[in-house]
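One chain, chain A, appears in both complexes that follow, with chain B as partner in the first and chain C in the second.
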Partner chain A sequence: MSLLRLAWRNVLRQRRRTALLSLVVVYVTVAVLFLFGFLDGYGESLVEAYAQYVEAPVVVAREVWWQDPDPENGFRELPAVAHPLVQAATPRLSLYALLRSPYRVQGGVVLGVDPEGEKTLSRVPFKVSQGRWLSAPGEAVLGQRLAERLDVRVGERLVVETGKGALGLLVVGLVRAGVGNVDFGGVYVHLEDARRLSGGRVLATHLALKVPRGKEEGVAQALNQALPEGLRAQGVWELMGPIRADYEGSRLFYVPLLGLFMLLAAVAVVSTTYVSVRERLREFAVAESLGLSPFRLAAQVALEAALASGLGLLLGLLLGYALLWYTSTHDVFGPLMRLSVELLPESGLSEHLYTALRPVYALYAAMVVGLSALLALLFPGRLVLALEPTRYLKGE
Partner chain B sequence: MLRLAWRNLWRTPGRSLTTGGVVALVVFLSLVFLSVYAGAFDAFFRLLLERTGHLVVRVEGYEEKEDLESLAFAPPALPLPSGARVEGVVEGGCLVLAGERSRYAVVTGLEPAGLARQKNLLKAGRLPEAPGEALLGEALAQALRVGLGDEVVAYAPGGLGLGVYAFRVVGLLDLPETHLEARTLVVPLADAQALLAPGRVTRLEVRLEGLGLYDLKPLEELKAALKPHLQGLVAETWLEANPIYAAILPLYDTVMALYVGVFFLLGGLILLNALYLSLVERVREFGLLAALGLTGRRVMALVFWESLLLVGVFALVGLGAGLLVHLELADGFRLPLPQWILEQYREFGLPEVLYGRLSLKEILLTLGYAVGTGLLAALWPGWLASRLEPVEAMRYVP
Partner chain C sequence: MKRFGILLLALAAFALGQSPLEKLKSALDRLRGPAHQAVYALKVERPGSSRTYRLRVYTDGERAHLRVLEPKAEAGMAFLSLGQDLYLYDPRLGRTLRLPPSGRSERFLGSDLTYQDLMGRDLEELFQVTEEGGTLRLVPKPGAPTPYGRVEVYLREGFIERVLYYDQRGQAVRELRMGSYQRLDGAYLPRTLELKDLTRQGYRTLVEVTEVQVGPVPERCFSPLYLERGC
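Up next is the complex of A and B:
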C-alpha cells in the first residue's frame, strides 16, 4: 500500500508531464473504444439485417438445396424441427422469376411465405410503408425501390413468370425496411402462389427458425446433430453473403493497428517515466540505502507508469464511452450507410449503423496500462536495478 | 541555431531515436496505406471503365424512361478522332429457360470487338462466331444445369423484337462478381437486336486509346464535340454514367486525409511529449541562454528547429522506406488476408491482385502532415521555453 501511495505521489509531482502523457493514452483509449464499438456495431447491423429481414436467425434446408438453391431441391414434406430454443418456425419457398409490370421487366428472387407465420420471425411484415402485408393468395408485396424500378404501385398488377407458370398478382403493399436486399429486391408472395409458380411439387425450399439473439450458431450446430440425414441447418453468420468478408477483413486489419497504437502509447509513457527516473536516481539511491530492495524500487517505477497511464485510461474511458453512447443512440453513420446501400444494394447492408457499447472494451483499452508497466519495468526499471547507491550518494 | 538544435537532439539519442522512429513509422504507414487504398480504388474504377467504355451515349433522360421502346435508338454516325472506336450494345432483361429450369438474366448484345473483349473472362469454350451462339456466366450455367453445346431459350416478352430466341452455349464466363455471373448472357449484337429491338441499340460505348484512368479532360472535350451530332441522345463520361461511384470520388481525398490524420495525431502527441521532456531536462540551460542574451523568440525558434529537424530527418527515413515498399506494391500485391476473404472481396469487384499507386499529391499530403505535426507539437514547449525567467530557470530543481 505504501508503495502505491509513494508511486501516486511521484506521479502527481510532475502534473504537467503526467497530463501530457495521459493525453496520449486518452487518445489511444478513445480510438480503441470507438473502433471496437464501430466494428461490433457493424457486425450487429449485419446480423440484424440478415436475421430479421434478409434471411432468418437459423435456416434448415436439404443439403442439396444449399448447393443448388433451385425449387426442385426443396421439401416435398416439411421436416419437424425440435429444439428448446426454437421460438417459431415458418416455411418459405424461394424461386427465380421474371417480374413484369406494364412498362418494365426485371428479374428477381420471389419469396413465398406464410403471411401469419412470417410475422412471428421477420420484421418485413411490419415495415410495410404503403398498403398492407399479404393476407391471401393472389397478392404480392414489393420492396419500395424495386416497385419504383418496375414502375408499379399499390393496387396495380404484376406478372410473375417462371419457366413453369405465370401469375398475375395484385400489389397490396410496398416495404421500406432500410435494408438493401429487401428494398431493392424484395418480392413476397403467398406460399400457395409460390408453390404454383414452382410447379407444385415442393411445399417449401427451406424452413426459417426464430431463435434468441446470439444463439443462432449454437442452435444450428445442435440441430445438425439431430436432423435427419440430407438436411442441414445454418446459422445467420453462415447465411450472410460476401459482406461478411468485409466485416471479418476489417477486424483483421484494424485490430493489429490498434495493438500498434497501444504499443506506441506505452512507449510514450515509458519515455516520460525514463526521464522521471533519471531525474530521481539520487532519491532512489537513498531509498535503496535505507533498505528498500532494488526490485521494490523497480516495481515502484512500473507502478508509476501504470498509474500515469491509468489516469489517461480513466479519462479516455469516460470520453470514449460518451462517444460510443452518442453514436449508439444517434444515426451518425446514416448518410454513409445509405450511400453504401445504393452502391451495394444486394449486400444486405442496413441504412443505419449504431455503434455497440460493451464493457469489455474497457478491458481491451486497459492493456495499454499493463503494457506501460511492463515496458517501464524493462527500461527505466533497469536503471534502478543497475543503480550503485554509494556512487549516487557521493554525488558522482 | 540549426547546428545547436541538431546537437541538442543527439544529447538524448535514445529519446530522439524513439520519437523519430515513431515519426518514421507514421510516415511509412501512411504511405503504404495510401498506396494500398489508391490501388484498390483504381482496380474498382478500372473495372467500371472496362465495362462502360470512356464515353457512353444513351437516350436523353434515360434515367426516367422505363420501357425498352423509349430506351432503344438507331445508332447515329459519330465523328470520332483517330484511335477512338464506337460499339453498339443492346441490353435487356429476360428469362433464360433450359429444360425444367429457368433463371432471370440480363442479355447483352455485343459487336465483334465487344465479344473479343470477353476473351479474358472466358473460363471454357470459345467466343460466339455465328448467329445463335451465346456466352453464359458460369454460375448461370450451373443454375440452369447446362454446359457447352447445350441449348437455352431467352424469353423477353413485351419488347420490340421476337421476344423468344434460342441460343447454343459456346462459352462460359468467369466474372469477378458471382451475382453478376449468375445473370449474364452475352450474345452477338444482331441476335440481341432480333430478340429485343431490331436495328437499335440501348447504348453506344466510345473507347479511346492511351488515356489514363482519371484523365477526364479529353473525355469532356470529345463529349462537347459529339453533342451537335446527338439528336435526342446524351453522351456521358464513364464516371457520369455511374453517378453513385462518381459521388464517392470526391469523398476519397477527404477520407484518406482523415485516416492519415489519425496516425499523425498520435505521432504528434508523442512528439509533443518528447519535446516537453527535452525542455524540462534543459530548463537551467535555457535559463542560462536567456541570461546570456538569447531573446524569447530565438529560444522559441530553437525548440521549433529541434522539432522540425527531428521530424524532417525521420520523415525522410519513413518516406524512403514507404517508397521502397510502394515500389513493391506497384508491381502487384495481394492483401494479407485469408484466401476466403479475398475471394469474397472479388464479389465487390475487387481483384485479388492489386497495384499500389502513389502520386505526388499523396506524398505531399504525408509530408505536409509531418511538417504540420512538427510545428504544432513545438508550439507549446516553445512558448514555455520562451517565457522562462533566467534567474528562476537557473535555480530550477526538477
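Up next is the complex of A and C:
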C-alpha cells in the first residue's frame, strides 16, 4: 500500500508530464473503443441486412445449387426440415431474368416467394413504401431505386423474361428497405410465376429458415448432420457475398493497427518514465540505502507508469463510451452509408450503421496500462535494478 | 371496265368483311413480304454520329436469315430467326450461339430496331386488336410480355404505313414508318423503313431494301449449320 501511495505521489509531482502522458492514453483508448464499436456495428448491420432482407438466417438448398445457382438445380420436391430452433420456413425460387420497361432493359435476379410465407421470415414485405405487397400471381414488387431506373410505376406492367419464358407482371408495390440489394435490385414475384419463368420443372431453388439471432451458424451445422445427402444448409455468415471478405479484411487490418497504437502509447509512457527515473536516480539511491529493495523500487517505477496510463484510460473510457453511446443511438453514419450504398448497390450494405457498445472493449483498451507497466519494468526498472547507491550517494 | 368495277367491289366487300385481327395479319404479311432475298441497308443515326450496315437477307416470310456484309468489322455476323428460336453466329467467337427468347426484344446491331421488328409477329400474338376510324388499335392481352400500353397501326389500302408504340402512360415512345411498298410478282415489300426512338432526340434507324429477288429461298438457309458458311 505504501508503494502505491509513493508511486501516486510521484505521478502527481510532475503534473504536466502526467497530463501529457495521460492524453496519449486517452487518445488511444478512445480510438480502440471507437474502432471496435464501429467494426462490430458494421458486422452486425451486415448480418441484419442479409438475415432479414437479402437472404435469410439459414438457407437450405441442394449441394448442386450451391455450386451452380441455376433454377434447374432446385428442388423437385420440398424437403422437410426439423429443428427446434427453426421458427418458420418458406420456399423461394431465384432466377436471373431480363426486366423490360418501355424505356429500359436491365438484367437482375428475380425472387419468387410465397407472399404469406415471406411475411413470417423477411422484413421486406413490411417495407413497402408505395402500393402493397404481393398477394396473387401476375404481380411484382420492385425495389424503389430499381423502379426508378427502369422508370416503372405502381400499376404499370413490367416484362420479366428468362430463357424459358416471359411474363408481363403488374407492379403492385415498391419497396424502400434501406438495404442496397433490395432497393436497387429487388424483384419479388409470386412463386407460381417464378416456376413458370423457370420452365415449371422445379418447385423452389432453396428453403429460407428463420432462426433466433446468433444461432444461425449452429442451426446450419446441426441441420447438416440431419439433412439427407445432397442437401446443405448455410448460415447467414456463409450467405454473405464479397462484403464478408471486406468486413473480415477490415478486422484483419484494424486490429493489428490498434495493437500498434497501443504499443506506441505504452512506449510514449515508458520513455517519459525513463527520463523521469534518470532524473531521480539519486532519490532512488537514497531509498535503496534506507532499506527499500531494488525490486520494490523497480515495481514502484512500473506502478508509476501504470498509474499515469491508468488515469488516461479512465478518462478515455469515459469519452470513448460516451462517443459509442451516441453513435449507437444516432444515425451519425447515415450519410456515409447512403453514399456507400449508392457506390456499391449490390453489396448488401445497409443505409444505417450504428456502432456496437460492449463492456469487453474496456478490457482491450486496458491492455495499454498493462503494457506500459511491463515495459516500465523492463526498461526504466532495469536502471533502478542496476543502480549503485554508494556511487550516487557520494555524488559521483 | 365493268369487270374491273366488279373486282373492286369484291375487294371492298372482302376488306369490309375482315376482322381487325385479320387485317393486321394480312398487313403484317405484306410488311414481311414474300419469300425473297435482298440487301438491306441499315443506317443507325445517333446524335453526332451515324453508322451504316449492309445485310444480305433471306426470308420465306416466316423465317429469316440475315448476314452482315458491311462494315468490315462486323462482316460475317449472321442471325437466324426460326419462330421463337434465334441463333447468332459471331465470326470473332467462331461459333453459333442460341439466344434465349428474350433476345428477340434486344436491339439489332445496336440500332433502334429489335429482332422482333425485323422478323417477329408479336403484334398478332400479344395484343387484342380493335379498329377505330381505319386505325388498328392494339392493347396487350392480360399478362402479355410486352412493356407497351398500346400500339396503333395506321393502314393505307391494307398496307402498314405507320406503327406507333405507346408506353403505359399514353406517351408515344417508338414510331415505325414505312416509306413506300414495291410490288414484286404480285406480292409487296416496303422499300424503306424508319424507326424513331421518341424518348431520345436524334435516335433514328433507317432501313432501305434493295436488290430484291423474289422466289423460293433454299431450305439450307434456315439451318443453324449454315449460319457460319452462308447459304
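One rule holds for everything that comes next: the second predicted complex is superposed on the first by the 396 of 396 C-alpha atoms of A that agree within 3 Å, B and C clash if a C-alpha of one lies under 4 Å from a C-alpha of the other, contacts with A are read in each partner's own complex, and residues count from 1 in each chain.
Convention: contacts are C-beta pairs under 8 Å (C-beta built on N, C-alpha and C of every residue); 3 or more make two chains touch, one makes a residue touch a chain.
Since we're looking at a predicted model, the values are computed, not measured.
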{"item": "Superposition on chain A - do chain B and chain C clash or fit", "value": "clash"}
{"item": "First, second, both or neither for A:F261, with chain B first and chain C second", "value": "first"}
{"item": "A:G168 touches, of chain B and chain C: first, second, both or neither?", "value": "second"}
{"item": "Touching partner for A:G138 - first (chain B), second (chain C), both, neither", "value": "second"}
{"item": "Partner chain in contact with A:D70 - chain B first, chain C second, else both or neither", "value": "first"}
{"item": "First, second, both or neither for A:L6, with chain B first and chain C second", "value": "neither"}
{"item": "A:Y103 touches, of chain B and chain C: first, second, both or neither?", "value": "both"}
{"item": "Which of chain B and chain C A:E156 touches, first, second, both or neither", "value": "second"}
{"item": "First, second, both or neither for A:L314, with chain B first and chain C second", "value": "neither"}
{"item": "Superposed model, chain A: greater residue contact from chain B or chain C", "value": "B"}
{"item": "Stretch in clash, chain B with chain C, out of 5-13, 131-139 or 239-247", "value": "131-139"}
{"item": "Chain B and chain C contact sites that coincide on chain A, given as residue numbers", "value": "97-98, 100, 103, 105, 161-164"}
{"item": "Interface residues, chain B side, partner chain A - complex", "value": "14-15, 18-19, 22, 25, 66-67, 92-95, 97, 100-106, 142-143, 155-158, 179, 183, 244-245, 247-248, 262, 265-266, 269-270, 272-274, 276-277, 280-281, 335, 337-338, 340-341, 343-345, 347-348, 398"}
{"item": "Chain B-facing residues of chain A, complex", "value": "14, 16-17, 20-21, 23-24, 27-28, 31, 68, 70, 72, 96-98, 100, 103-108, 151, 161-164, 199, 241-242, 244-246, 248-249, 252-253, 261, 264-265, 267-268, 271-272, 274-275, 279, 339, 342-344, 346-347"}
{"item": "Chain A contact footprint on chain C (complex, rising order)", "value": "100-102, 105-106, 140, 142-149, 165, 167-169, 173-174, 199"}
{"item": "Chain C-facing residues of chain A, complex", "value": "97-98, 100-103, 105, 138, 156-169"}
